[in-house]
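Across the two complexes that follow, chain A remains constant while its partner is chain B and subsequently chain C.
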Partner chain A sequence: MEDAIIRVENLFIDYRLGKTWHNVIHDVTLNIRPDTIHGLVGESGSGKSTLALALMRYLAPNARIPSGNITFDGQDLLSKSTREMRDIWGQLISLVPQDSLAALNPSYTVGDQIAEITRRHMGIARRESAERAVEMLHRVKISDPADVAKRYPHQLSGGMLQRVAIAMALSTSPKFLILDEPTTALDVTTQVVILDLFRALIHDNHAAALYVSHDLGTIAQLCDDVTVLYGGEIMESAPVKTLFAAPTHPYTIGLLRSLPRYSEESESRLETIAGIAPSLANRPTGCVFAPRCPIANSQCHAEKPPLTATDDGGLVRCWRWRDVATEGLGEQPKVPLSQAVSAETDKPLLAARNIVKHFGSRSVFDKLTGQLFSPVRAVDDASITIRHHSTLGLVGESGSGKTTLARCIVALNSADSGEIELDELPISNRLNERPKTMLRDMQMVFQNPADTLNPYHTVGQALGRTLKRLSLDALSPAEIESRVVDLLQSVRLTADYAQRYPAELSGGEKQRVAIARAFAADPALVVADEPTSSLDASVQAVIMNLLKDLRIEKGASYLLISHDLDVIAYLADWIAVMYLGQIVEEGSTHAVYASPYHPYTEALISAIPTPDPAIDNPIIYLEGEVPSAKNIPSGCRFHTRCPRKIGAICETEEPPWQDAGEGHCIRCHIDVAELIRQQNSPQEQRRGTR
Partner chain B sequence: MIRYVIRRIMLLVFTMFITSIIIFALTQLLPGDIARLVLGRDASPVALEEFRETHHLNDSVPVQYANWLKGFITGDWGRSFTRGNPQVRPLIMDRLANTARLGVMILVLSVPLSILLGVVAALNEDGILDSIIAVFSLAVVGLPEFVTGVVLINVFAHQLDWFPSVSFVSSSYSFGDWLRALFLPSLTATLVLLAYIARMTRAGVIDELKKPYVRTATLKGLPQRQIIVKHVLRNALMPTITVIALSMGWLAGGLVVIEQVFNFPGLGRELVDAVTAKNTPVLQAIVMLIIFVYASANLVADVMYGILNPRIRLE
Partner chain C sequence: MEQNLTNVESFGASHSFTTRFGKFLKQLAERPLSLIGTFIVVLFLFIAVTGPLIAPHGYDEFMRDDEGALMRRTEPSLQHPFGTDKDGRDIFSRVIWGTREIILLPGIATTIAVILGTSIGLTVGYYGGWFDEIVSQLMDSLLSIPALVLALVMLGTFGQSEIGIIIVVVLLYTPIVARIIRSTTLNIRTLGYIEAAKLRGESTPYILFREILPGVLPALVVEAALRFSYAIFLIASLGFLGLGVPPPSPSWGRMVEEARGEYLQAPWALWAPVIAIALLVVGVNLMADGLRRIFRHEIDKVS
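The block that comes next holds the complex of A and B.
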């Protein structure tokens, strides 16, 4: 076994809040060898980013390291001054940040910002460093590197910026790289490309890397070893195959079980981890996970378990890991989903036809100077139908127009043209022309619950106000109060939550309140825009179960928007795939997920990282980037990136709708039968395997 | 960017046009009869009528305005009502040159000093240096110009005799004479501007220091000085530039008090004289000039903003 390039021994980190110090990283030991990628997984608040930056000896001003050791390449990092660290930062250890738009200076070209680092550490002249920056951009597979080097960060897409950040981090060939959630903000189709780049470049450089993520899927596909962090402590650390195949810590098991996965049995529930993560101020005295652990005993609550070596060469911090290894966690008692009310699935609840929404307008100055103007064609002739008591999942990459389409339906944006029908009656595209009662029928749940709740209103006030405004008859204060309690109970919160302010709620609890508010007036349709994407995996499972239960209990329908196909596959019974303002494929979840016909859907589904390193599905890579909605390609909108493009017809003619049976339709020039034949050909099976 | 500048210049011309109407309307509202004010209480009705006739005061207001505007654009700004009826333009241009000298001196003194203080304060956020700078700059901004001016005259002119107290200037002045004459009034104005620009810079730098790109620059291993000067200041100074531009406008017309204290023959003093004497040709011309300086300073600020900020330049 090669010696580790970075060794962390019994590291503790404290944060100062007010006048007291709170321990956030507790007794962490970690070794990373050259030529390996080490995954660090944890939910928000687990301390994973703090730990990752501490490995570079970079701490927040209110943080300290009371004890522990960090050794990098034989040097003790903790004894170095900041001035000494500046020779290591960027030269021997580099960071690839999460949000590369914010992490780059808006006022300098990306080429300048890459050149700066080689000038600093390699002592080369300005001219040469600029050439090297272009070369680095070429290495991260940017097709026109000389041009991109001259651009400013705001002129590049998220995927391009992430490549720039990688080019910058690698330009000095560092020995150790820290990748802090580098693909979280990206679409899956871009993510697969970036992950491949990491793999190739890190191994080319024989570097070591720490990959920080909350996403077990990407960890499974990218990393060699994994460390699971919870409450600032290592729960488990093992080679990736061992960890996913035979997890020994109850938290790891719970985390893996709470992931949504597509299954044919649609009436299943996700398993969840009870309770919430510990807060900084009061850590449990015993095992940090004991309060949420299904198998915790009195020893677990009283004493902190030590980090123990397992038989497979891993580490685990659990008193009962041997019991877990032999007996497992036991199945969670299967709670059946609430019983469905009789489904009248044939009648459409809502039909939106040929919706068009363009943004931007020609200014007076443009008209005077005869400047050509092209609007952003966010939604460009899209039609969807939502049946009673069902969930339509709308998927697509960022910029596909899915949120705009949903906003047009609830009239937060008024569509430029197109018809919307509710219960087969036409309704206006404008909010102020819709009758007040219609507000009740359609409600929305937004992505970020923190932004949608007024911080100065208690939960009770927020819900009470909605009830008062939307209910049919005048409600007495006592009636409102009892309804608020009912609503809270329906989202599995206790009545005392009515007195709390949003700041006193966790992210998951806030989203429950937002959901309760959406259901306050018994809506027929709830539009949920990425309702779980700001939540951690274990909380996401709870919210997804809740959404599934509520739909059945309240007899509502959902329009669910998500970029996460696993979430859609779990919750939706019908899927519509959107690309550049139009629907390209729709059908039942089962049909679309199991056999995506449209080349775009096929690529999208193939790019989902599976949280199981043993599964290595062939990935279909899409060329280039999503074209701008200001400049939509002619003919089939997907032809610029389509791996199955057949010729000129794709560039000139809009593809027709084809029905593959049972309402599974695609918009493509290639015949469905031919697509199936191509997908199943043996040549195809080899293509794209890693 | 060129489109953007052209647009801004069009806007400037339009602003000047609108303000010219407002100024003209306002001078009509000044109390008192101009002819009587200028010629005195004992003037004969014939003399009064003659005065009105020669200065076209009997025309209707729109006609007066049209004539004035035409004259203003072609460079004939009329004649002053004061004794000898001198041409307005050379008179004001002379004053403007003086004020411009004073303004440049103030900017040269105040901008680097206050930016430096702001940056030092931001880098020591909530530390002792930050507090000292805050207390000092707020203490001086709280004092009116006539107090600081008089104190400075007393200390530096009367007691130490380092600088002249009266900024009487003559065209024969050498560069060194100018510097000496302008020093005390400039210092007085600098003390007023200092707190303002320094606080703005401090806030800008503190904001920028929190942004993720600063962490990126640090973790690239760049030296602290390069991070502050190259990365942080470039972005942090954008709001400061606006403040400096607005101060330039203030300098053009707002130096009234300082010019009075130091007896300095600038635009501000001339403006006060013109208002009291209801000397409308001079008044209108000065106000137009001040508006012009103000609007162009803003234009310069916007262009600088564009140069520093590619998100504006490349839109």
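The block that comes next holds the complex of A and C.
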């Protein structure tokens, strides 16, 4: 560790809230060597972003560093003035932000913004710096760099912007890069490309990087070393293979176990970490994780464990790490899931056929000026069927129309055309034409827990109102009250939550109340739109277990929407894959996940980063970006990016549905047998490996 | 209830009315300027209500000295704290009597404008589409007419009266309130809890007034206070231009206008109403500013 480029020793950071200082980063020691990518993983509020920015000596106005050292390349950063730091920022240390659109100036072209950095830091002349900017864009594999350099940030897609941000960060060949959740906002197929770029460019430059993320999957695939942060303290720090293969800290183990994974045994549950993360104001006197730790003893609660070196060259902050290393955490008592209700009939609960929803209307001005009108074809002839007591997972990247399709089904958007049948009876596409019984049968859980509950209504009011509106029989206030308590208990919350306002709940608790609200009047179908995507891994596991339990207890069906295939694979028993407003593949989870036939599904599944560095699946890279839904390609919609395109037929003719057996269907011109043959050919296996 | 309150307190974020009001007063008290503003407003409100009891003389009573001569333009004294005007009326009493009009007319006008503007803003913002387009354009065109021009035309055509003045203020301020409420509503209507309300088949009025209104209330309270202060100014200006409530009722604006020509002989006659107007407007503004600061976070959340 002698040659570390950045060295952090016993760093503390405090934040001032009101008149008191709260400790957010506690005794952090970190060394990052050149030519390595160091992962920093933690849940929201763990202080990972604060720490990352502090490494470039960038602090919020209400923050201070009471003690500790940050040494960069032999220089003490904390003693430098802001003026001196300006020569380091951007030149020797640079940052790739999470939201590159916000980080770029909207009124300059991206080429100018890259050129400005090289002019400022390397004293390069104007014309030369412009050429260098184009060269940088070429290095981040932008296909037409000269053209892109002349564009403004809002004219580029998210994936392109992230490449521009990387080009900017690397333009001065910095020695140290901070990557703050740089792929969180991107789709998986774009993410793999960006991660590959990072890997290649950082190693080419012999730079070091700190990669901040909440996603263990990308950490496992990208990083060399990992540090796990919890409550502002390092829990464990180790080489990536060691950490994932033999984690020694109970928190790391809990985090890894709470990740959803596809399993053939559908009755399995995710393991969860009990309790909630500590608040800033009440830091436990002992180990910060002790209140949630399954093996904490009296010493853990009383004394803070020191950061200890392990035999594998890692660091761990735990009194009992040796016990963990030898005995493990022990299995969590397996709570059996309630017995599954067998699918009683093959009759569908809900069938949506040929749903079409286009957005945008032609304005009077456009009509007068004769402008060509192209609506956003969000959903373009999609059909899905959901059977009784089953979960249909709807997967697709952003812009695929999956949310719009679900909203058309519950009639929050009314479909332009298409039929929806509930229990084989046709129902209206418009919400105000649906009778109360139908509203009761279909409820929805929304994506964002922050706005799913009205901040001015108590939990009790929110649930009570739903019961009052949707229950079959008229309920007295006392009955409503007792039903509210039952509902809260069914989502594992205590009765006193009824008096609370949403501001007093955590994100996970809000989502539980939202789930309780959806189940208030015993619906037949619950539509869940990315119900866990904004939650931390350990909270996500709790919500997913709850969804799984409730489906069985209440005998409902789900339409589950997610961009996260692991979530879908864990919860759904039937999967439909959507691309540009149409379903391209559907089948049982087992069939689709184990053998995706459609080239798009195949690429999508291959792109999911596995939270295990030992697994190195071949990745299928898709070319280009998802086309705009305003301008959908002719023929097969996927032909512009398809790695298996066979010729003109893909561009001109819409592909037919093909049945691969047991209801596993794909929409492709290539014969299923031929696809299987191509996927299994040995040449193929090599092509994708990195 | 007691246990409930402490429970809420311990979480630091409370919305129940009693604790909220208490917290609100506490926050107001933490800002001395806002507190002074509120004190001034409360003082004027008190004067407006109890005016006839406090005022030593009637607003239209002519002061005569011991010999029965009219006491024109007497300097401020113990007997007449603000002096008398050119007609020999006690200015102190006239200012006090005038408080009622300057509080009541803007108060009523602002209330109507706020209720109308809120209803229009909520409906338009919630429905959107062509309906929003038409109503918003209409409101914007109303806003483009200069305030005094509209008042001159309206009051000139239909005659001067309390009702006329109120209509002018309502016409001027309803679009402004509607615009603010509309933009806040636009941000709220796409939120999850509004969609959840639709999915349980709530009626539009329920969604507008029970689900959306509480969210726009903080912005509304601040805007109402500001509108009130502008309305005071506007109505005083109308009085000054001779478009206010006709004489002999005491109006601060007209008192300023009457005293203006005699400033050299009787400056006190000008000072009293001018200071009264300034004090009230500054007081209301300080209070509005305090409200804005207190509700800042809640307003930011939705706009």
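Just so we're on the same page, the second predicted complex is superposed on the first by the 686 of 690 C-alpha atoms of A that agree within 3 Å, B and C clash if a C-alpha of one lies under 4 Å from a C-alpha of the other, contacts with A are read in each partner's own complex, and residues count from 1 in each chain.
Simple rule for what comes next: contacts are C-beta pairs under 8 Å (C-beta built on N, C-alpha and C of every residue); 3 or more make two chains touch, one makes a residue touch a chain.
Given the structure is predicted, the values throughout are model-derived calculations rather than measurements.
Asker: Identify the partner contact of A:Phe359: answer first if only chain B is touched, second if only chain C is, both if each is, neither if none is.
Answerer: neither
Asker: Of the two partner chains, chain B (first) and chain C (second), which one does A:Tyr501 touch, if any: first, second, both, or neither?
Answerer: A:Tyr501 sits against chain C, while chain B stays out of touch.
Asker: Once chain A of both complexes is superposed, is A:Trp21 in touch with chain B (first), chain C (second), both, or neither?
Answerer: Touch partners of A:Trp21: none, neither chain B nor chain C.
Asker: Output check: A:Phe12 vs chain B and chain C. Expected answer is one of first, second, both, neither. What do you get?
Answerer: neither
Asker: First (chain B), second (chain C), both or neither: which does A:Arg120 touch?
Answerer: first
Asker: Going by the contact rule set out at the top, does A:Asp451 touch chain B (first), chain C (second), both, or neither?
Answerer: Once the two structures are laid over each other on A, A:Asp451 reaches chain C alone.
Asker: In the overlaid three-chain picture, which partner chain does A:Ala514 touch, first (chain B) or second (chain C), both, or neither?
Answerer: Once the two structures are laid over each other on A, A:Ala514 reaches chain C alone.
Asker: Following superposition on chain A, which residues of chain A contact chain B and also contact chain C?
Answerer: none
Asker: Within their complex, state which residues of chain A touch chain B.
Answerer: 56, 58, 85-91, 94-95, 97, 99, 102-109, 116-117, 120-121, 152, 154-155, 168, 365, 369
Asker: Touching chain A in the complex: which residues of chain C?
Answerer: Going by the criterion above, the answer is residues 4, 7-8, 11, 13-16, 191-193, 195-196, 198-202, 211, 214-215, 301.
Asker: Enumerate the contact residues on chain A facing chain C in the complex.
Answerer: Those in contact with chain C are residues 410, 412, 431, 434, 436, 439, 442-444, 446-448, 451-457, 462, 465-466, 469-470, 496, 499-501, 503-504, 514, 517.
Asker: Using the touch definition from the top, list the residues of chain B that touch chain A in their complex.
Answerer: 3, 7, 211-213, 215-223, 231, 234-235, 308-311, 314
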